[in-house]
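Paired with chain B in one complex and with chain C in the other, chain A is shared by the two complexes that follow.
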Partner chain A sequence: MSLFSSLFSRKKNKNNGKPSEEELFEQQDVPKQYYSQVEKNKKLLEELFKGTFDFKYELIKIGGQKAYITYLSTMTDKNELSNRVIQTATNHPNDISFSNMVEMRELYFPSIDYKIAENFHRVVWGILNGEAIIMVDGYSEALSLGIGMPEQRAVSEPSTQTIIRGPKDGFVEGLQVNLLLVRKRLKNPRLKFEIFQMGRDSKTNVALGYINDIANEDLLKEVRKRLNQIDVGALLDSGNVEEFIVDKTLTPFPLVYNTERPDSICGHLLEGKMAIFVDGSPFVLTVPTLFVDFFQASEDYYQPFIMSSFVRLVRYSSFMIALLFPSLYVAISTYHHELMPTQLLISVQAQRESVPFPAVIEIMIMELSFEVLREAGVRMPRVVGQTVSIVGALVIGQAAVEAGLVSNVLVIVVAFTAIASFVSPIYSFSIATRLLRFVVIFSAAFMGLYGVLLFLIVMVIHLVSLRSFGIPYLAPVAPFQPRNQDDVFVRLPIWLNKNRPSYLFPKSPVRSEENNQPSPPEQPLGGQK
Partner chain B sequence: MKNILVEKLSLWQLFILIFIFEIGSAAVVSTGNDANQDAWIAIGLAMFFGLGLALMYYFMLSRLPGKNLFEIFQFCFGKWIGNLFTLLYIMYFLYIASRVLRDFCELIVSFIFDETPIEFIAITMLFVIMYMLYLGLEVMGRTSEVFMPYFFSFIIIIGIAVFISGEMEFENLFPVLGDGFKPVMKAVFPQLLTFPFGELIAFTMIIPYTSKFKKAKKITLLAVIASGVMLIYNAVLQITTLGVEARARSNFPLLSSAREISLLEFIERVDLIVVFIVMFGIIVKVSVFFYGALKGLELISNRPYRMYVVPIGTIIAFISVKISDNFAEHIEEGLIVVPLFMHVPFQMLFPLMVLPVLLWKTRKNKEVNK
Partner chain C sequence: MKIQHALSILGCVVLLAGCWDRIELNDVSIVTGLAVDEGENSKYRLTIEIVNAAQFSKNQMGGQATPALTYSLEGNSISELLHKMNIGVTRRLIFSHTRVLYISEKIAKKGILEFIDYLDRSGQFRNDFNIMVTKGEKAEAFAKVTYPTQKVPSLKIHRQTQSFNEEWGGDPGVRLTDFISALTSKGRNPVSATLVLKGDPEKGESSENNMKTSMDALVEMDGMAVFRDDQLVGYLSVDETRNYYWTQKLKTTSMSIPCSDDEKKPEDERYIAVTVSETHNKLKVDYENGKPVLKVKINGETRIEATQCMNDLTKIGTYNEFEEKINRYVANDIQETIKKVQTEFGVDIFGFGEALNRQHHKEYKKVEDHWDEVFAQADVEVDINLHLRRSGVRGKTFITEIPRE
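Presenting the complex of A and B:
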């Protein structure tokens, strides 16, 4: 019976949507009532924060009344606290009177960011967010002063998405700094940030950013709805949010874009997308996401358009290489010898002569050892990095060939595939090919090139069936939209790119109307003689 | 919500589907052999008659916009006779789908995997098709959109590559109409008219679901013309490369022609490209027939067609294997029996029978509305 009721209550909870921060506190048995006797409040707080060393309170007198300043010493700035709060409060003449907290704040701390905490939940919430709470005897609300500034990593170059030309700053872990990096670039009053609190235990701040007169209203509603539905224990990174808001989880392709680069977030916001910032994560998400987004680097827009178009084509082909090269090797060397020119066939087969395995086993050995190396390379301490790379190069490169375990051609195949798989500007996309590569290798081993074709068709069917927030994943290729082709396979000059992509249904579809193609002056300079 | 999102086809997608559907298996199997070196003229003529058929189908659909062929049957003859017709058409569609699939199985088995049983090919292909149809009509449209550029350019490239390799002999095309019009007409009717062009009847199940039904007429005709031109190009390519007799003897003349390609002493044996063209054409063709049959079942049983994808798929795979014992039998049936006894009634006679009833009924409807 209790099982049934617990099931029922969970369901009921789901129907109500995500519990607000107040409800969360209620579930954790945090009292709500704020008393006008400070001693009572102090006792409740002591009860709640019992056992942690960093919960501190100071007894002072404000306006002749007994008052407490409570705060978490780990979350607040000590200098600010003592200089601007405690000293001012104690140095003030004691006979100034005030009728409510707002007045008191104007008298004592006019320059400090504040909130009025009208109930006990707000008090606790303020303390947890690094604010100093002032509770004065005889008043039914408390004053919450924002003086905390937790330690943060300085803004530095992004480690996952490096570029040669373009801005070098990257997002950091703090939400405020990240929002600043975006606002700094888009001086637009219509740039909005909505704040959400998520996570029953972590109560993480999540900000939804969009430009009001560009982003589509329905999309925005959908994003808000999905963010509101998140009900989770704790959010430690934006990856946690990503998994809650995707349209489909069972797919190797990422349906949400993530980046460390503020400039690329700005670009997405200007197209009409929405950005999701999660406090504590330097990776910011944008939705809706399309397949083609993963082939566009922000640097494409900073260098000449011919070059970027070429690089983009290189990216698309290296995606295909990373996906298919090993399987083509398996298929051709197992089933379709006639497809290779005779000379090449002879040299490949001569090398394979001494190899005791069928091609598929050979390639699985190499691919798996490469995967192990790759994973080791990411996880291991930087100090021992050298060792692994030397051992890896020797073992995988030379020794395996000399020992007759694999053929030379195969080393080339695997190495080239590995390099090609790193071309994608977004890491989360390149890991999709990493997984699919094994599927297609097996398919090729069983069915030859017919298997590779079957795999490709199934993959495309899967891709076109995907949607990101209702937008077809393969737009603007399928469904084909001729008007949106200016920034897909090639990048046209920026002055030709006048419209925002229509698949996102932006509110204002036009970026710039004037024909601003650069041209030499009509009159020769310096006057004519 | 899902239905509104999924079940609409854009005009461009309709164009592509018809284009690939028409070329699909017709490009690979040798067609119009009766006309000898004039096979391309026969295809052109058949295309013109095919336009007439397409117009008739569209006219029927336009009398009751938004209703597919089977719903028109029900409208004209009531539930019971309508369902009987629908059932007959379902069987016809399934039979043709299995025939098309068998074409491909034979090609793979005789050219690439000679020791593989055709059951294997049939089943693996059916898996792909079932997956696609399960995801819906729109996914089918978009998948074709992705593959269309490759499909189109590969056919063109094969011709150019054969030409550059110096294997084309244009004398093979002469004398034009050397034996008069008789052999050409013999090739056109019933074979060529029904085989790629009349099979458009399956699209009476798809055209009603296009987003802009009024423009679908123009698009359909354009697609038939485009595919006709492509088939003519294809026939010229085969005749010039192989000659009339070798073409008639070859089971898969496009593949045989492509094997003549030899460029830079490196690009040889481009079978894979042909197999890709065929494979995708076949997938589209089987899917369209399959979809028609599924829609019919949906209408009869009042249950969503996705329920039937797997069971009917297994039936198609089974029929395609059991349909004939060997390739000769399969082709003999396909070129002589099927056009006359299956295509002609289902593509022409039945629609012509329905047409007057439909006209009379819709006219009466309009009067009632007034």
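Presenting the complex of A and C:
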């Protein structure tokens, strides 16, 4: 057990030994001193970036002084650089004088975003971020011009959470665009984005978004604390952040919600949750996360509430089907023959006549081959997709049955289970049931329905023990909160949903005071009849 | 340490509790019927009826085969025989889908208590299978007669009794629990349905029996058997069974009632056909002048299904007249059946004793031990209150409009 605990429990009293950016550069032997002799600086830079082809510099004259423009050609927009920086600088008359870099920037490049790099670390940092650094001889600081090329995918429809009705834009890899997509929807000065830099090697930008007058202060502190604790080599996706900030890692259930949909993020922010954007990842996290979040698709709020409620109930039942259907088959067909209606029992028995394996082996064969198919389907190049699906469907579906390796009814069980497992709107939740399914199949194979029941008991105990940022995972079902039931199993009409969920302790618990129930006009239109 | 303890307990749960009753579906044979006959050399001859499931799959292997097969053994107790069945059959037997218990007349006359106990006790049987007394042929013959739509004989009987019970009430609807509760109650004696085999039992055994539209052998419902405690004392016909069931749980039935009250030859008589539904039955025993009077009260609704009479169905008077006729007819029928049971068998199969126990507990305690004798002597009052509500989608019948000389 000590192995487990050392592997999985977060070190609680870590004395925040995370090195700062400066320290990091120092560890990597980057000098800090910026010299007013540009040649010296240029040398140092050349030394630092030795061996990479894209480090470029141009020698020009600014205000009669020798100046260098240094940049990474892969990171900067070449048009911007030559038109707005180099050309402007060389076209200006040489006799203009300025006392410092700010003044120079106002004279030469008034429209370009800038930073003053007062030491050498900042210079390197600027270059790495795709900025053009102008170092002028005789000045003790450099000017960093933001002309980085935002090379990224255009905003497109999310590929993991498609909907029929509702906004079709999805997050992309660029942090700025993602923040824009949220800001565009919530025109509210109290919508705050705090920026963090993480990753010793990657220096990834991570933004924490929340609405100041809704989100709970203590919760916010906790989220900030956990984000600050992250000390990692590189963050390549929000999944990396997720693993650092969850309350418990030894669980199959996702404790952090992730989505590609800006509208879904806005909905969560408005409930009082916090969003974590990671530069380079189209998946944005929200915390705290509840079990019921994974049964709510954003489309639920765009379709009539009766239909959404029905669909939501379908989702809950498909969760149970995806989890339990194969194990119920195993349990009933090997322990509890009396539970099946006679006719069904006879026809199931008839199909199993020629099957040489016990039911549990039979179902493991099918479930495993389905897992293989599914994994292949995700990983394979798109071009061979059809081959795999044809072979998979034919081999597994038909040939296995015809060869008498598995029974027809089992194919139905496995297929239905597979389809049911795809119903969950969030993929990370549906893969949780995938793993648990095998556990419960074994449990059923050993102990029948008794085993299924034991499994469910253990699972529920585990679920109620989970917390996401201190909020009970099963809230508002366990602990049961009658006031928060308006958006759990069914969705009440939006005009009835006046309160923010109280389990998140929002600063302002009320969404709207007024009674907005729509009704026909009191006076009939078109005068008297 | 605590977690280690918890793990070891969990391990025990998994390793010690699991698997002992695990049995794969292709290692069992589903028993659907049991038939008990008198043995030649021992007490019983037990026949089991097993489903041949392979016959029910879409892609049959090995061509046409029998849908069900039977095997018989002789011995002195049913439980022993059931465990010994593997002398002749390959797989372990499961009894949870047993639908019918056929008991031959001879065994029923001797008493069936001795093996009913096993069925009730073992826990392998559901308590909702039908108990059937077989008339004439040996009980095992009944478990062998196949039927085209319901190929397994016992499943056919099970479905048939259910339909007959719900549609007309000709089956007393007796399951194991009913039988046992009637057996243990002093104020009631058990009954069971009876079966009779029409045709040639030899030919019925072959599935070729299913090839004909008019079958060579067919198992039919034949009313019910009356028991005194656990011994068969006599039979009631299908009509009488309906009348009996009317005092119990009948929901719907139908009958034909003569139009006129005067006695005519049946072929000259005209009839109205009515169906009865929504009936509520109540049994009571009242003491009048120190003598017990058995009272049956039935409420319900009737509907005219067809009429051969000339009466004008658009008039309310006709309805009242018919209603009265129906009530008289039914009351008469039920009264006769009760009288027959009183005189011929002298056993209370209706549960009047139980009703008396509920209503006049003290009086009942006095007569409890000889209730059947008191029952046999008691007067019967039948109060029928059926309301004629509808007459189908027509008012006047067209029969009245056909010109006649």
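Note that the second predicted complex is superposed on the first by the 511 of 529 C-alpha atoms of A that agree within 3 Å, B and C clash if a C-alpha of one lies under 4 Å from a C-alpha of the other, contacts with A are read in each partner's own complex, and residues count from 1 in each chain.
Note that a contact is a pair of C-beta atoms (placed from the backbone, for glycine too) under 8 Å apart; a residue touches a chain by one contact, two chains touch by 3 or more.
What you are looking at is a predicted structure, and each value in this text was computed from that prediction instead of being measured.
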item: Partner chain in contact with A:29 - chain B first, chain C second, else both or neither; value: neither
item: Partner chain(s) touched by A:457 [first = chain B, second = chain C, both, neither]; value: first
item: Partner chain in contact with A:514 - chain B first, chain C second, else both or neither; value: neither
item: Which superposed partner A:447 touches (first chain B, second chain C, both, neither); value: both
item: Which of chain B and chain C A:333 touches, first, second, both or neither; value: second
item: First, second, both or neither for A:47, with chain B first and chain C second; value: neither
item: Which of chain B and chain C A:350 touches, first, second, both or neither; value: second
item: Contacts of A:359 with chain B and chain C, given as first, second, both or neither; value: second
item: Shared chain A contacts, counted only where both chain B and chain C touch the same residue; value: 335, 338, 447-448, 450, 454
item: In the complex with chain A, residue positions of chain B that touch it; value: 5, 10, 12-13, 108, 112-113, 121, 124-125, 128, 131-132, 135-136, 139, 141-143, 145-147, 265-266, 268-269, 271-272, 275-276, 279-280, 283
item: Parts of chain A lying in touch with chain B, wherever the complex brings them together; value: 335-336, 338-339, 341, 447-450, 453-454, 457-458, 460-461, 463-465, 470, 472, 474, 477-480
item: For the chain A and chain C complex, residues of the former touching the latter; value: 1, 333-335, 337-338, 342-343, 345-355, 358-359, 443, 445-448, 450-451, 454
item: Sites on chain C touched by chain A in the complex; value: 3-4, 13-14, 17-19, 21-26, 28, 30, 32, 51, 53-57, 61, 94, 96-97, 99, 126, 152, 155
